[in-house]
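Structure below; questions to follow.
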Amino acid sequence: MHHHFVPTCYHRTLGPYEPVLRIRSGDTISTTTVDAGGGNHRGVAVTPRGNPQTGPFHVEGAEPGDTLVVQLDQIRPNRGSGWARSVVAPSVVDPTYVKQLPDPPLAEWAIDQAAQTATLVSPVSSLGRLTIPLEPMLGCFGVAPFRQQAISTATSGEHGGNMDYRGFVAGTKVYFPVFEPGALFFLGDGHAAQGDGEIVGTGIEISMDVTVTLSVLKGKTIVWPRGENAEFIFTVGNARPLDQCLQHATTEMLRWLEQDYGLDSVGANLLLSQCVRYDLGNMFDPAYTMVCKLAKRFLPHR
Amino acid sequence: MHHHFVPTCYHRTLGPYEPVLRIRSGDTISTTTVDAGGGNHRGVAVTPRGNPQTGPFHVEGAEPGDTLVVQLDQIRPNRGSGWARSVVAPSVVDPTYVKQLPDPPLAEWAIDQAAQTATLVSPVSSLGRLTIPLEPMLGCFGVAPFRQQAISTATSGEHGGNMDYRGFVAGTKVYFPVFEPGALFFLGDGHAAQGDGEIVGTGIEISMDVTVTLSVLKGKTIVWPRGENAEFIFTVGNARPLDQCLQHATTEMLRWLEQDYGLDSVGANLLLSQCVRYDLGNMFDPAYTMVCKLAKRFLPHR
Amino acid sequence: MHHHFVPTCYHRTLGPYEPVLRIRSGDTISTTTVDAGGGNHRGVAVTPRGNPQTGPFHVEGAEPGDTLVVQLDQIRPNRGSGWARSVVAPSVVDPTYVKQLPDPPLAEWAIDQAAQTATLVSPVSSLGRLTIPLEPMLGCFGVAPFRQQAISTATSGEHGGNMDYRGFVAGTKVYFPVFEPGALFFLGDGHAAQGDGEIVGTGIEISMDVTVTLSVLKGKTIVWPRGENAEFIFTVGNARPLDQCLQHATTEMLRWLEQDYGLDSVGANLLLSQCVRYDLGNMFDPAYTMVCKLAKRFLPHR
Amino acid sequence: MHHHFVPTCYHRTLGPYEPVLRIRSGDTISTTTVDAGGGNHRGVAVTPRGNPQTGPFHVEGAEPGDTLVVQLDQIRPNRGSGWARSVVAPSVVDPTYVKQLPDPPLAEWAIDQAAQTATLVSPVSSLGRLTIPLEPMLGCFGVAPFRQQAISTATSGEHGGNMDYRGFVAGTKVYFPVFEPGALFFLGDGHAAQGDGEIVGTGIEISMDVTVTLSVLKGKTIVWPRGENAEFIFTVGNARPLDQCLQHATTEMLRWLEQDYGLDSVGANLLLSQCVRYDLGNMFDPAYTMVCKLAKRFLPHR
């Protein structure tokens, strides 16, 4: 079934809240997300800033210990302008260099849906009007956390959250561990484009039209978020420092290979040894994000 | 001038040692490197293990404060078999998972120069005979460090060293700060292929035929290694944890953009904001490595 | 006013929950805490494991932006036996050493209130019956977090939580930022004694009789928990890695010195320069803890 | 035998250099050290800045795999004034706070040997003339590193070096692994007093009269520096981040307890569990330092 959902309220924590919609496993939802500052498709702030989330959506039959599959069907900016921070965060340069960072105002980027580009409009600098390709993605999405926690959308964890990974584009399938009945899926914080690491603390922040298909893998238990696209399977580690993100993601990949791809422990290690790839999600939020990837062409046939 | 140099001794520290050859800026050297274990093109150990280096090469005119340019012209395995570790390091998985890591013997990979592939020969596992593309690279190379230090080839720093970055392939140009007269360039630790992070502690270790062209940028001072290939310019940060690698590399990229690309500070920050990319070198050695990249197509015209 | 409160339910997250008792600023509460496993003064598990908290207590007049003062009047084990883990966590030894860690059962420690000692009863080892002094402390206590989050008692943050600092003994005054009306104070996770770092993941876990006096500093805003005892003032940073804990705590100390002790920025820095001391809270939980201390005798007279 | 050695040259790297004096195991040396800036007992710079070291001293019979014992007999400032940095390093505060750090000139501290105090003379600030106790210590000392490296006195490692631990005072015994024949012992970087973490990047830097007694433990192999004083045995971990320092130090302590105190693995873990203490050396240098301590009164009788 395909639901069209118009949000009227938003959450800035992922927690065990009252669902805004109950759907069945396999259903599709088309909805909208406001930008990180609470701005809607007209650029009007309709809710307080801080990655406000649409949802939560309750998927019938999802129970703790299951896995929620989120197919990102469509992520499309629904207005003509996005905003971003203009200067890299003090935490991503040498501490001795921080005093040399400038203090420019927020940037405005014009979005051209026809050309599929974003063009820097302001502030004015020696860079001029830089034009880059659109790569629409979701910065923050996930499920209600374990132990009935309610966790800020500024950060991330086993439940997903603010991961800011450039790979979360349309066409990607993402897996989350289920901690609450119904899984309680949230989404928001769309970026028209983003640099690796989200090192300025934002992508090009914009409201989105989003379509997702949610389904449940009964009895399938995972520890960290997983995903796949046409080319790769991947796992996501959210923590600090980056070293620990990589540890979580690598461990989850070993588990995946052994559980689902028929590999023994030695085989899984050998496969990773020369084929593993890593991507950086964000190195800005309270918890950073790194992604462990493996090309599907190297996987054993299931 | 094109030199053909046959090494007869090797160094396991990068330091202010007597040059094995003196060349002029712009000269080309064709030479060989032994593998990380000291094995030559016949697989015979001719020197103790530990990333033994060919060199150092003295480039006339290079003085502290200059930059050495290393054009990687050719990196070609010169034997039919490489070796690798088979299991990910305890430091790249969750500490609680370490006890589940297996303890397999070293792996052997057969190298097929015609097909440009490496095929896993042993140990036997559920993975079978995995075949992957050759991507020959140098794991450890660089110059004599500052303050007349002599630093182990197990680690890395401003002077380069054991960075284990998959991007150090033929066709890449690498820049090092010069700390000693003549720069004193070393090279070794060739990998027929390698996973990101060198998470097992090795790539496919093999001896190489290498050709490099060395030249000096007089009066050009850099802090961390830099590089470029057809598509990207990049900077290299070597430290621990990964967070600090990223800080070093990002700071160096900002310096580069402002010094050489005519950008003011705001422009450099805006350019990085949505266009920066990061790669992981190794997360195994005493100092880890991360690379900050920027696509050349987004750079202002110089 | 002195309240005697008998808890009947417990929380394993610190969040904006219904108060169990409303008191006035300056009131004293005598109550009990169960041990980390939910065991009461008879050693009977009365609630699920995971640092269950007594509370929350609502302090009238406390509003976001104020500071809650917690005077730890008394912390006294209320039974004759505590339990602990027996082996250091894999995360506090070299990753290459993890496989050498033994796998002993939980330890039992006999508590002698008269002698003020704890004696190791089991497991049997070459160490024999080690006897150490009692140093009763609270491992986990704090207030409801910002943004109406509900955060697991396994971890810590600006709101306090599971800090496992040996300095949280009777006679200590602790300051927390207030994020919710009434502050909503929780307490639990008593330790009869504990090593620095809580490196086995527990102290000697035991139920406690606790007396605290809670009061509100209206209009006083702090960022991280602060405290003082007869000898020191101190600030608490909760994060990962330890480096970041130290950064938070040091920054908070500079703020404190400048705001409340009449020091200019140079004076505050000079005072810290040769007089600062640091203690380790835990290096076990998702967020670690470090404490920045300054001896009161070096403070300017207020 | 008691040697009186007057240095005429200094080293800014610890490496396999020509000894300035050869002594026998058990001999005592009285000598002097210049301050971190190269200043002698008259405050005259006699060698370039950067923790210049007196030595190396060759101890006959010391071979790789042995342990060098350094008894710190006396460490006494030999002039009336020391200098220090006045502001905490950007790396020890929150990155977002760095821009608020002031930029004062170096501090001068007057040393009063009779009163055993140091008094802040300048810069002038709201703090006034702070007087603190003298606690003379060595910031940087150690032996020639493994693999014939030459490592800057700005940093530290298994060989010791720039550890900046307040516990390295007279009366302390320190153990170093021997990597080179004769051990090659260096010393320098005296501090009249120092805060934990050396968070401004210096203690009160001053030249010293130092007396040490050096002896060799044949066939005794250790991995990281160890030490002891009247109350504690301790181990030293030098690395980044602090987490890794603690891992090294804890692992070394477990090894020590099992090798020399007759404890089995379970006993060593149980002993650490509730009795371990940690101190912070520096969190300023390229490698940080943490110390793992155990009170002697809890040790089994050897």
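By letter and in written order, the chains are A, B, C and D; residue numbering begins at 1 in each of them.
FYI, a contact is a pair of C-beta atoms (placed from the backbone, for glycine too) under 8 Å apart; a residue touches a chain by one contact, two chains touch by 3 or more.
In this text the structure is predicted, and so the values were computed from the model without any measurement.
K.L.:
Strictly by the touch rule at the top, which chains does chain A share as contacts with chain B?
P.N.:
C, D
K.L.:
Of the pairs C-D and B-C, which shows more C-beta pairs in contact?
P.N.:
Counting C-beta pairs in contact for C-D and B-C gives the edge to C-D.
K.L.:
Which chain lies the greatest distance away from chain A when centres are computed from Cα atoms alone?
P.N.:
Of all chains, D has its centre farthest from that of chain A.
K.L.:
How many angstrom lie between the CA centroids of chain C and chain D, rounded to a whole number?
P.N.:
32
K.L.:
For chain B versus chain C, what separation do you get between their C-alpha means, in angstrom?
P.N.:
Distance between chain centres, rounded to whole Å: 47 Å.
K.L.:
Quick one: which residues in chain B touch 2 or more of the other chains?
P.N.:
In chain B, residues 91, 95, 240-241 touch at least two other chains, as defined above.
K.L.:
Would you mind writing out the residues of chain D in touch with chain A in their complex?
P.N.:
89-91, 95-96, 98-99, 241
K.L.:
Give every residue of chain A touching chain B within the complex, in rising order.
P.N.:
84-88, 91-95, 97, 100-102, 104, 107, 109, 118, 120, 123, 125-128, 130, 132, 193-197, 199-200, 203-204, 240-243, 246-248, 250-251, 254, 262-278, 280, 283, 288, 298, 300
K.L.:
In their shared complex, at which residues does chain A touch chain C?
P.N.:
12-13, 15, 50, 146-152, 239-241, 244
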